[in-house]
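Below is a structure I'd like to ask you about.
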Amino acid sequence: MANFFHMGGYAVFVWSAYGISTVALVWLAVSSLRASRTTRKRVEALRARRRKEG
Amino acid sequence: MSTPLSATFRAILMRDIRLAWSQGGTGTMALSFFMIAVTLFAFGVGPEPQVLARIAAGVIWVVALLACLLSLDRLYQADYEDGSLDDLALSPLGLTGVAAAKILAHWLATVVPLILIAPLLGMFMNLAPEGYGILLLSLLVGTPALSLIGSIGAALTVSVRRGGVLMALLVLPLYIPTLIFGVGAVDAAMGMVGSSANLALLGAVTLVALAIGPFASAAALRLALE
Amino acid sequence: MHRFANPAEFNRLADRILPWAIAVMAISLVAGLYLALIGSPPDYQQGESVRIMYIHVPAAWMAMFTYMVMAGASFVAIVWRHPLAELAGKAAAPIGATFTALALITGSLWGKPMWGTYWQWDGRMTSVLVLFFLYLGYMAIWHGFDDEEKAGRAAAILALVGVANIPIIKFSVDWWNTLHQPASVFRMGGPTIADSMLWPLFIMATAFQAYFVVVFLWRMKLEINQRKLSVMNRAEVYG
Amino acid sequence: MDTPEPSFDAKALSAHGLACRRGGRMVFEGLDFSVEPGALLYLRGANGSGKSTLLRLIAGFVPAADGELMYGDDAWGTGDAALSEAVVYVGHDHGLKPALTLRENCQTYARIMTGKSLSENVLYDAAETFALDRLLDQAVRFFSSGQRHRASLMRFLLADRPVWLMDEPTVGLDADNREKLAGLMTRHLARGGLILAATHDPIGVAGATVDVSQYAARATVQEGWL
């Protein structure tokens, strides 16, 4: 297992490449999903209020 | 009814050329920026002739490009703010023709003076003697694309507050081919290699810009009129 | 085409596609990572660092693919004045920009062991850098206008002008690169890619593609909801 | 005052079910009106009800979301050129270049709109109508806003076109100039021209009225987006 992480001496480059990519893509996915949910809730809340007043 | 179209085109052309050189016009501003910015490179890089000669063509082309960009910011904004854009939209020429006239006026009034003064700056930068002719030629062939593409950026940001910075971000990436082939032509000529390939490509980029520029600018101006 | 004009219709379609896309993404990601990190052999010249290629190349592909999606959406937005097509451009741009940034980062991390520098004005990397600026410009113009519909049409015009210029920029950068850059012996990805390397590349590309579909649909829902919110607020104001 | 000008062979301008979206909301919908040659239509309505938007729609600056505008039998041109033969639009902005004199501004406007320069007496009469004849050779940047507004009204006299679109023309005019404007409009109607004026101020010229706020859109937004 050790040499798996060692990556033949290129560990820093390989793992930082994979690491940065994972962080970026996960963050983008999570923020997009969360934002789509929060905006949906706000739309429903506003819609409910308009129906009550309407 | 065709005569009024050319008359209208000329009228817009003459108006913009006169305004570019009237008080507060962009003509003098672009020229002075061009000179000052090039000398800044000498201060930054140092007066060592060999170094300056090596980067002369690149510096002159980049600064000419930036001077062109700076002067395009007000190309449509001035007319948008004082309401004459509405009148221009109602001219027989139509917005595409108006955009073409204003782009040509900008090139003649603001960019050609830069080209005429480029040899003087070549001297400052210790440009090799055989570089002057090709520098002028490459600027002549390439800079119309700067006005044409820059016009699209100016039209897109005409109703945008502080649109100048945004316009630079939109337009500068599109200036890269003109810059590469322009400087390439000068380097090729000075390297005693034929510069005709670079000049041909430079001309091709300008022709593409000619096809896109007025049309896309008119579409963007229609947005601002709404 | 107008069947999707109604956002509710689009949401229903998205909800049908999402589970499948997520499944494909998960499976291909697991398989792809396994092959990329363990299943494939190291390169005879680059050793283990070639594994970075399995992220760098798919990211570069997705960077270009996403801009094409934006250009296609912009064309539809302008020709048919389709509100959802405008939003599709806005939803796709951040994903494309992220892929472009990752292509640049992984490319420089991959180049460092080989060329000794993090940035080598290599033709392809430079083109990706310019593409990144085009993304920045596109995303910036959206925030330039108070009226979103105007912002949408301006962004659509910009995307079309951009896509028309991409081949010219690509050509000029390659031309510039060959002039100043001695043909680099080391080509990105080696002279020929062995089969054992093609599979991880292909599967990782599929994973990235599926990822794009998933996040794009989420962002479309987000943009549609945001447009609804601003519309309702404006309805409040104007009554 | 001068030789009777030839009458326009203008046609009726009529709208059927006209609707317009602007700034992300439906400003008005189902709007119908008809203006016969020689008639004046006042556009009344609260601020923001869409008076100005309707004028800009007729001028071709804003696309109609629904309905149609007819000029005689054929559809009113929303393209660039068609409107340029028929419409003079004077809005809130004066459309003058501060760096140029009033004479230069007027000559430029006339050449752009009609392709021909103005004869001296036409220009002088137009300036005299609004007591600006002494200022013909003054740069507009020295003008007061009232003078600039009166100068912008001169455009109706500089391009001989049948359809006049006026947006709050009497703002800042004193009694004498309002009378002059009324006389101008009456003469234009007598020649068979059409006028649409968005104003609350009874200029003293007989004309039908349409209250744009009655056509306010019920659902200001497409169904799907609520």
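For clarity, chains are labelled A, B, C and D in written order, and residue numbers in each chain start from 1.
Here is the rule we go by: a contact is a pair of C-beta atoms (placed from the backbone, for glycine too) under 8 Å apart; a residue touches a chain by one contact, two chains touch by 3 or more.
Since we're looking at a predicted model, the values are computed, not measured.
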Taking the mean of each chain's Cα atoms, which chain ends up nearest the overall Cα mean? B
Between the Cα centroids of chain A and chain B the separation in whole angstrom comes to 43
Suppose each chain is reduced to the average of its Cα coordinates; what separation in Å results between chain B and chain C? 31
Could you grab the centroid distance between chain A and chain D? Build each centroid from C-alpha atoms only and quote it in angstrom. 54
Calculate how many whole Å lie between the centre of chain A and the centre of chain C, each centre taken as the average of the chain's C-alpha atoms. 16
Give the residues of chain C touching no fewer than two other chains, as numbers and ranges. 228, 232
Listed in rising order, chain B residues that touch 2 or more other chains are 226
If I count partner chains per residue in chain D, which residues reach a count of at least 2? 226
Spell out all pairs of chains that touch, sorted by label. A-C, B-C, B-D, C-D
Which bits of chain B are touching chain C when the two form their complex? 149, 152, 156-157, 159-161, 163, 166, 169-170, 172-174, 176-177, 180-181, 184, 187, 201, 205, 208, 212, 216, 219-220, 223, 226
Residues on chain B engaged by chain D in the complex (per definition of touch): 3-8, 10-12, 14-15, 18-19, 22-25, 81-84, 86-97, 218, 225-226
Quick check: in the complex, which residue numbers of chain A touch chain C? 4, 7-10, 13-14, 16-18, 20-21, 24-25, 28-29, 32-33, 35-36, 39-40, 42-43, 46-47, 50
Name, in rising order, each residue of chain D that touches chain B in their complex. 22, 56, 59-63, 79-81, 83-85, 87-89, 91-100, 108-109, 111-116, 152, 155
In the complex with chain B, residue positions of chain C that touch it: 78, 130, 133-134, 136-137, 140-141, 144-145, 150, 153-154, 157-158, 160-162, 164-165, 168-169, 171-173, 175-176, 179
